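Heads up, the next two complexes both have chain A, just with different partners, chain B and then chain C.
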Partner chain A sequence: MAVASNVLVGMAEIHVLKGSGGFSCLGLGSCIGLCMMDPTAQVAGMAHVMLPEAFADRAGEKPGKFADTAVPELLALLEKAGARPERLVCAIAGGAQVFKFGAEGTNRLEIGRRNAEAVLTHLKSRGYTPRGQEVGGSLGRTMTLVIETGIITVRTVTQGEKTLCNLRA
Partner chain B sequence: MQPTRLTPKLSPTLTIEDIVSRTADLPTLPAAALAVMRESESATGSAQSVGKYLAQDGALAARVLRLANSSYYGLSRSVLDVSEAVVVLGMRNVRNLAMVASTYPWMNKPLKGYALAPNEMWRHSFGVAVAASLTAEKSRKVSADEAFVAGLLHDLGKTAISVWLENKLPAMLRIAEKEGLPFDAVERKVLGYDHMEVGAHMAESWNLPQTLVDVMRYHHRPSELTPTNAMVDCVHIGDYLAGSMGFGLGGDGLGYQFDENALSRVGLGVDDLDSLADAFMVSYDQHERLFEETK
Partner chain C sequence: MSSETLHLGVMANSVVRELANIGLAHATTAMAELTGKTFDMAVPEVESVALERLPSILGDPNGLTVATYMSIDGDVGGHIAFLMPWHSAQQLWLMLVGDAPTSPDDVSDLHASVALEVGNMVNAGLLNSISDMTGLSLHATPPQVSMDMTAAVVASIVCEASFVDSVALSIQTEIFDLSHRVSGFFVYIPTVGGLRSVFQSLGVLEAA
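== the complex of A and B ==
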């Protein structure tokens, strides 16, 4: 019997699977793990986003690296694999950052917060609201999606693993 | 004589000297590596003298040669002895290889007190070495090669303090959350000192250069060093970058403050951080190849 694969999604990578298996983003610091899934088509994907926006002078970089290019690229790959945009559900985790910077909360130093906001903005502009999200704080996270169950878990070294949401529910 | 291994428990009377003298398996740097470091910084240091010191430690010399012959450097022919490695790669490159070869054996061990799994302390230290080096290169304030070594060693104190914090981490994190404190402040509150101070104490006992001692002591609070030091600033920024990218985050995670003044002191702005983070990932991937074949 074939063992369903669990794909490790490295920084700036996007992976899409159809049928069975799953994904993990290990050691998310300020990066964002973005999962999207069409439960009917059994198609799911994950992106490991490093930074909010692509550098103007560097077209052609890995699209998974930046929120503004990762979201459309993940959607395109999912559609290509048979997903229908209107059936897609999503979840995000990550976006941790160093201890408080100051009161204003708009500092460009806050890569984690900016990453989370950028991913949410690009999802929202396409009509998507995450079914589950766990962002912020100072802890590193590992995010995992199992396609068969649709369950997304988030693990931290001190708080253990917990279910974030079910993309099939 | 081996130091007595006590049952680790937090005690208000446990001094830094106690931590250092009573911790079993305390890391050490080989005498040859320390000699190479001093020689490479010395005005009279030469390829011959560095090679001579390195050759005194056969095991270390062999590890350095494996690194020198890795595909990372892409040499057209094999380097057969350390003197030749110094000539081909340069004194500072070989010094850095000696430091990498010396620290990897103990940095890849788990640090339970910080909830760092095997290899995670190494990933963090090596990541900060790469990021501090890039920051130094961009700032042009200090040598990128020296920033690499400073980044590699910056969290030395954690290796000594970790065993004493085992089983205490959850309580310390609760204090951090309840009182809104960065993790190093919780260490000071609970122990009376932090991993920076312990690292500085170890660095002093090894007779490391004062700049490295300062890096260990001030890397989370660089503005408290008088006068400030660009090397400490570069490691502070490198620590922020490597941590933000998720490299070797333990239970303390990103629970430290970032001092924006460190950026301005080395001539950088907040807008440089995204491009530095990007460059860091590219550079780390390249550096990692150095080790894949030599572990």
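== the complex of A and C ==
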């Protein structure tokens, strides 16, 4: 039996797979891992979002980098691969503030919190509410989706691995 | 301009390497003064990479690291972090505090502040040497510490850095004591403008 491939989704990347395999975002800190899947069409995708919104004065950036461009790009790629928008289910993880010791009140950018809010807003405006979400806090996370099972797991250093949700259930 | 990598020419790369070399000597001295141990250092390897690739080139992305991070204002803005593998941090705590937590959940305020002070000192060693050699000002903001998976820590710094066009320099070296129990390395992300100022002040053409 062939071993299903597990695609590592690096920062600012978006990957879409059809049929089998899976994805991981390794080490989500303030970034967001966004998974979307059409269980019927067996099409799934993952985005590794770094920042809440694209810069108006910079061209040539990867769409996966920003929440406001990553959500529509992921949806477009999923549809192109045969997914139907009304069948898509999603889950998100990340948006942590991993620097929790020292320099109180200097986290002025609060990127993690803003990333989570932005991704949720752009999902909601298109009618999607995550089936599972684990955002905020101070722990770095690794998020994995296996297409065959639809199961999304989230792993942290201190709490180990747990199932976030099942996109097929 | 996008935040893709600024290609450093041979000359520029060797200048950064020399700055790192001198800065790391300062950092090593600071570690030695703090611990009363003798530290040595490997010749640094400087690599400039696209910001987004940085988390994936630094060893085991799921490995546990203790990182001290500072953002930098002044003539050469940017970000700097000193990262130690968890086991090295434990050795350092044993030397300085007398005991060491077994997991990040057990880290006391004392352990956290010792990690913060060590990181603060070695980062300042590197920044001071750049400032001394160039005459440019680099002001570090108060340090912050994270104890978490390496990729998550580095990725969070990369996100902060991506608001301004920046160059990710991984300064892969080892600062180690003579029993090779403590090691660490730097991530230095100057802004493109800041790095240009460094080269200009030293009379180096960046793409030469």
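The rule is simple: the second predicted complex is superposed on the first by the 158 of 169 C-alpha atoms of A that agree within 3 Å, B and C clash if a C-alpha of one lies under 4 Å from a C-alpha of the other, contacts with A are read in each partner's own complex, and residues count from 1 in each chain.
By our rule, a residue touches a chain if its C-beta (ideal position, glycine included) is under 8 Å from a C-beta of that chain, and two chains touch if they have at least 3 such contacts.
Only a predicted model underlies this, so the values are computations on that prediction, with no experimental measurement involved.
> When the two structures are superposed on chain A, do chain B and chain C clash or fit side by side?
Here chain B and chain C cannot both sit on chain A without a clash.
> Residues of chain A touched by chain B versus by chain C: which partner has the larger set?
C
> Considering only touches as defined above, state whether A:G29 meets chain B (first), chain C (second), both or neither.
A:G29 contacts both chain B and chain C.
> Once chain A of both complexes is superposed, is A:A96 in touch with chain B (first), chain C (second), both, or neither?
both
> Going by the contact rule set out at the top, does A:T158 touch chain B (first), chain C (second), both, or neither?
Both chain B and chain C are touched by A:T158.
> Go through chain A and flag every residue that touches chain B in one model and chain C in the other.
Residues common to the chain A contacts of chain C and of chain B are 11-12, 26-31, 50-51, 65, 96-101, 107, 109, 111-112, 139-140, 156-158, listed in rising order.
> Can you list the residues on chain A that touch chain C in the complex?
8, 10-13, 26-31, 50-51, 58-62, 65, 96-103, 106-107, 109, 111-112, 115, 139-142, 155-158
> Which of the residues in chain C come into contact with chain A in the complex?
1-4, 51-53, 55-56, 61-62, 64, 67, 69, 103-105, 107, 112-113, 115-116, 141-156, 158-160, 162-163
> Spell out the residues on chain A that touch chain B in their complex, using ranges where they run on.
11-12, 26-31, 50-52, 55, 65, 96-101, 107-109, 111-112, 137-140, 156-158
> Which residues of chain B touch chain A in their complex?
These residues of chain B touch chain A: 115, 117, 169-170, 173, 180, 182, 240, 243-247, 249-251, 253-258, 260, 270-271, 273-275, 277-278, 281.
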